[in-house]
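Pasting in a structure now, in structure tokens, and then I'll have a few things to ask.
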Amino acid sequence: MLVMPPNKVMTAAEAVARFVHPGNVLGMGGQNIGRCPMALTHEIIRQRVGGLTVVGCNLSLSMDQLAAAGLIRRTECGTGNLERFGTTFSWRRGIENGTIEIEDYSHLAMVSRFLAGEMGLPFMPVRSLLGSDILWAPDGAPKPGKAVITENPWDPAERVVLVRALQPDVSIVHAQRADAVGNVIIEGFATHEPEMMRASQHVIVSCEELVTTDEIRAHPERTTIPFMYVHAVVVQRYGAFPTSTYAYYDYDGGQIGAYQDAARTGSPAIDEYLRRHVWGCGTFDDHLHLATDADRLTTLTHAMQELM
Amino acid sequence: MLVMPPNKVMTAAEAVARFVHPGNVLGMGGQNIGRCPMALTHEIIRQRVGGLTVVGCNLSLSMDQLAAAGLIRRTECGTGNLERFGTTFSWRRGIENGTIEIEDYSHLAMVSRFLAGEMGLPFMPVRSLLGSDILWAPDGAPKPGKAVITENPWDPAERVVLVRALQPDVSIVHAQRADAVGNVIIEGFATHEPEMMRASQHVIVSCEELVTTDEIRAHPERTTIPFMYVHAVVVQRYGAFPTSTYAYYDYDGGQIGAYQDAARTGSPAIDEYLRRHVWGCGTFDDHLHLATDADRLTTLTHAMQELM
Amino acid sequence: MSRETPHLAPFSRQELMVIEAARQLRDGDIVFVGTGLPMLATTLAQRTHAPDVVMVIESGVIAPQVRPTPISVSDPKAMYRAMKLGTLREVLGCLLQRGLIDVGFVGGAQIDRYANINSTQIGPPGAMKRRLPGSGGANDMASHCRRLLIITHHEKRRFPERCDYVTSPGFLDGPGGRARVGLNPDFAVTVVTDLAVMENDPRTCALRIVRLMPGITVEDVRAETGFRPDVAPDLREVPPPDAEVLDRLRHDVDPGRVYLKSEDAVPTAGR
Amino acid sequence: MSRETPHLAPFSRQELMVIEAARQLRDGDIVFVGTGLPMLATTLAQRTHAPDVVMVIESGVIAPQVRPTPISVSDPKAMYRAMKLGTLREVLGCLLQRGLIDVGFVGGAQIDRYANINSTQIGPPGAMKRRLPGSGGANDMASHCRRLLIITHHEKRRFPERCDYVTSPGFLDGPGGRARVGLNPDFAVTVVTDLAVMENDPRTCALRIVRLMPGITVEDVRAETGFRPDVAPDLREVPPPDAEVLDRLRHDVDPGRVYLKSEDAVPTAGR
């Protein structure tokens, strides 16, 4: 029996302490420079929850900071990169020096795995990956357990790949709005998040605004994810900074660039970045104080409003 | 290359003549007493497009009128009924006298078939149907082609059913709003329609209101189905009458009951109903004139508004 | 078959059946529910002992505050102030098959000794006598819920030894039946009727009588059952309704008596 | 490698590469596109000869009217006035894998003789030298589009005989390769670079030179290609840009020169 607690609102510190554990499979929300769950990521780093398997489609800034902090054992994803801002340097370094295991998929294959997970199915067919090296292990041998090539029983000439369901232990997502019982509204693009959230055993949502359940009930067609899937709601204005939150604020290229400069060079610059911006901050608001100011945040807000 | 015609708006008569052909697999929108595509159904009856295989999850009033008109060769669905208003009598009669073939599924199995269809996959796993007689042919023998029981390759003790993808030749759906290029907004509950529409080779949408493409672009997160899937837009106020359209008008129990009375008794009452209400009407507006009046429609509109 | 509790407000057996079904729901349960008596009983539970029961309806409705009296899963009264209006896939796939529904709650058709349900046809495959509506979401509920609640009028033709057609799986052919075909064996069934409450015997998987409606005997139940149900060792009588609960049912849940039968709404003492 | 068309406005080879790529799109094409040069070229096509080209972006964006200059698939400038903002599954599953995308348009990494693409790693499996970002949606585009358009700077290390790692399938090992692994054999590839346009030879499946940038010779191209591309019988020169088109590119599509390199924006005549 799933109980509906009347109030799932808690601090990021409480949410991470309760729901993110060493060795977890962590589903990562956001994409590239959009809606990365930075406040929740910082809290995981602050609590040094390690040995994580980070899963998602595109993994970018939040994943790379976890990698920089040495908390990632493995990733399963479609890409790691930040497009115009370069690659995810800490992740790349971890893969190249052997501290991070990787399992590559295409974006569609990853979302198909979440689709199987959210529907309670053990696998999902997909017609991508055929003929590619993604199907195989790094040594070129068939990789047992990753994917199975099978025939269409109704047309044996047709082949499909079966990929295995993925149900993260916990997913972290930054959304625009949520209510206290955990109904979540994602505005604009939603990437792989709906499937991933519904597939997860636990979901922590940070949000720009807490709305009343009456507001949720007034527009039930706007609810992206109903409360059953969500275990903690963390109210954090600018919780995706320096990435953007659609309809709220644009990304901050300067701050993303500052992180990338440190990540590109590696130690000690990256350790110093994390020390100042994460471990040196008691909360994400402290980080915002350090990394930006009210004028800049207003500018980012206006930049987004101008695009609406 | 899919061309985007600047204007897909046409009459029901044009849309049915162009896109619904004898022997087609017809995807049916709506559920029970909600948003049945009655205007489009009447037009199919008026043009006597026969030999149809009607597919959907719950099939109700619109399907039964097609059955009453002798246009259905076969159905593939989860249920045929009208709940409080009784069963779908013409359909039941057709099955019992052998003029309508049936292929039974559960609702989840049907939507899984549309899910496979919309994703371009040959089949979809489902964990329903196991152990039931739905898997088998009416004579009790395994039914080749309907479903395949297979093992989870990652856990051979676990069994799933594979159901075959379903891509209707044409689907008919009544929605609240659409623009001229075919972007569709379904408000409120959406049943199996999104998967079915995206799986279909052609889609005809009737709508209560035509909106501008600028209005679509102003709220892109509200678009249910983008234009690529939609081939004809028929503007028809009260196009689901006597079933309801969420946010627009409630169902008309009197008119549903009048049809059910005729359908329950069969010939000649049901033929007379169709003669008066469909073949005797040049358009669906003529039917509305015959079956209801402005006061009644205002009452149904108010009844719905009171629930919003 | 007479009821002799004159100190209470008169009530019909159908009313007590709905009330007893409502009692089966625990606060916080997420219930997958169809219209009719299942929705009546679930709404009643919400308005009495279990305010945080959550309804999920196959048309895509999550957590509505149902207004009286919806006659369909697509009735806007069943969607009133929902927390989400979505799609059939989201509720049947991402909640039910995903394992997030606590209770599946269906109305009856044929139910056999092993709680298999037939809502497809009267007469076996190949020799159909009457076509019924079909599965709808019932097969999905019976396949994926750990707990299935059935409410139905108790009459012999509804309780055959073996269903003509298994639309929705109960325990199939008995112990181990579900596991053998690949269904989750963690499964329990409660059938609430106007004569009794039956539950599966954990050992034999067969339905047995666990409670009797006031004034009803085991033999009364057996006379209206096509198989011979055992009797649970702790057989008890269904408690009569609280006046308050009865009042809620009559005035808040189905005030128009859309599903509550008017002919026996206020039965005479001698009924 | 000099350009000698003095009657036209000066333009860089990168600008002409984008313009030539835009020319590959036909009005009405539904194009699955990433950020960077593919989005620049697609936007340019919309603003010149093909106003009804429809962009689809993997983050869930359908038919936006892109504002200059998006630097990411999740940049709100790439979502401006979209017809729908949805999910990755809707665009990669229900449009791309469903077969409703006409052209997949990707930026380059390694591309080999048979148009296989590597965006995963430098060095073969088991002997990785440099990790690259990975597939993203590129494998999906190459698997499901009937037409794949690639835009990339032309240099030898980007055009190996055989990719170290096949992230996204071209023709694999040549004729019949796609059919043998179960991919749709109805497939065509166009590679637009700053030196030439290459397309798959319909017979051999290998990339061959079909057009040369102004002033570029076949030997110039071969010198920068790791395999030896054949030359199509109807080899032509890429036409120089219309002044109007060049103006649109510079002032409407990437006015901030986010992707257009400033160093060779207005090349001198002797370049």
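Letters A, B, C and D mark the chains as written, and numbering starts fresh at 1 in each.
To be clear about the criterion, a contact is a pair of C-beta atoms (placed from the backbone, for glycine too) under 8 Å apart; a residue touches a chain by one contact, two chains touch by 3 or more.
Source: prediction; values computed, not measured.
The chains in contact with subunit B and with subunit C alike are A. Note: the chain lying farthest from subunit D is C, by mean C-alpha position. Centre to centre, using the average C-alpha position, subunit A and subunit C are separated by 42 Å. Centre-to-centre, using mean CA coordinates, subunit C is 60 Å away from subunit D.
In whole angstrom, the spacing between the mean C-alpha positions of subunit A and subunit D is 29.
Within subunit A, contacts with two or more other chains are made by residues 120-121, 126-127, 158, 160, 188, 220-221.
Each of residues 79, 85-86, 89, 93, 97, 144 in subunit C touches at least two other chains.
Interchain contacts give a graph that is no line, ring or star and is not complete, per the touch definition above. Interchain contacts (touch definition given at top) occur between A-B, A-C, A-D, B-C, B-D. Residues of subunit D that touch subunit A in their complex: 35-36, 58-61, 67, 71-77, 79-80, 85-89, 92-93, 96-97, 120, 124-126, 128, 130-140, 143-144, 165-169, 172, 177-178, 181-183, 258. In the complex of the two chains, the subunit A residues touching subunit C come out as 1-4, 118-121, 183, 198, 213, 216-218, 220-221, 223, 226-229.
In the complex of the two chains, the subunit A residues touching subunit D come out as 30-35, 57-58, 77-85, 87-88, 91-92, 95-96, 102, 104-109, 111-112, 115, 126-134, 136-140, 149, 158-160, 188-195, 243-244, 246, 250-251, 304, 307. Subunit B contributes residues 116, 120-127, 145, 148, 150, 152-155, 158, 160, 162, 164, 187-188, 220-221 to its touches with subunit A in the complex.
Across the complex, subunit C meets subunit A through its residues 26, 28-30, 52, 54, 62-63, 65, 79, 81-86, 89, 93-95, 97-100, 102, 144.
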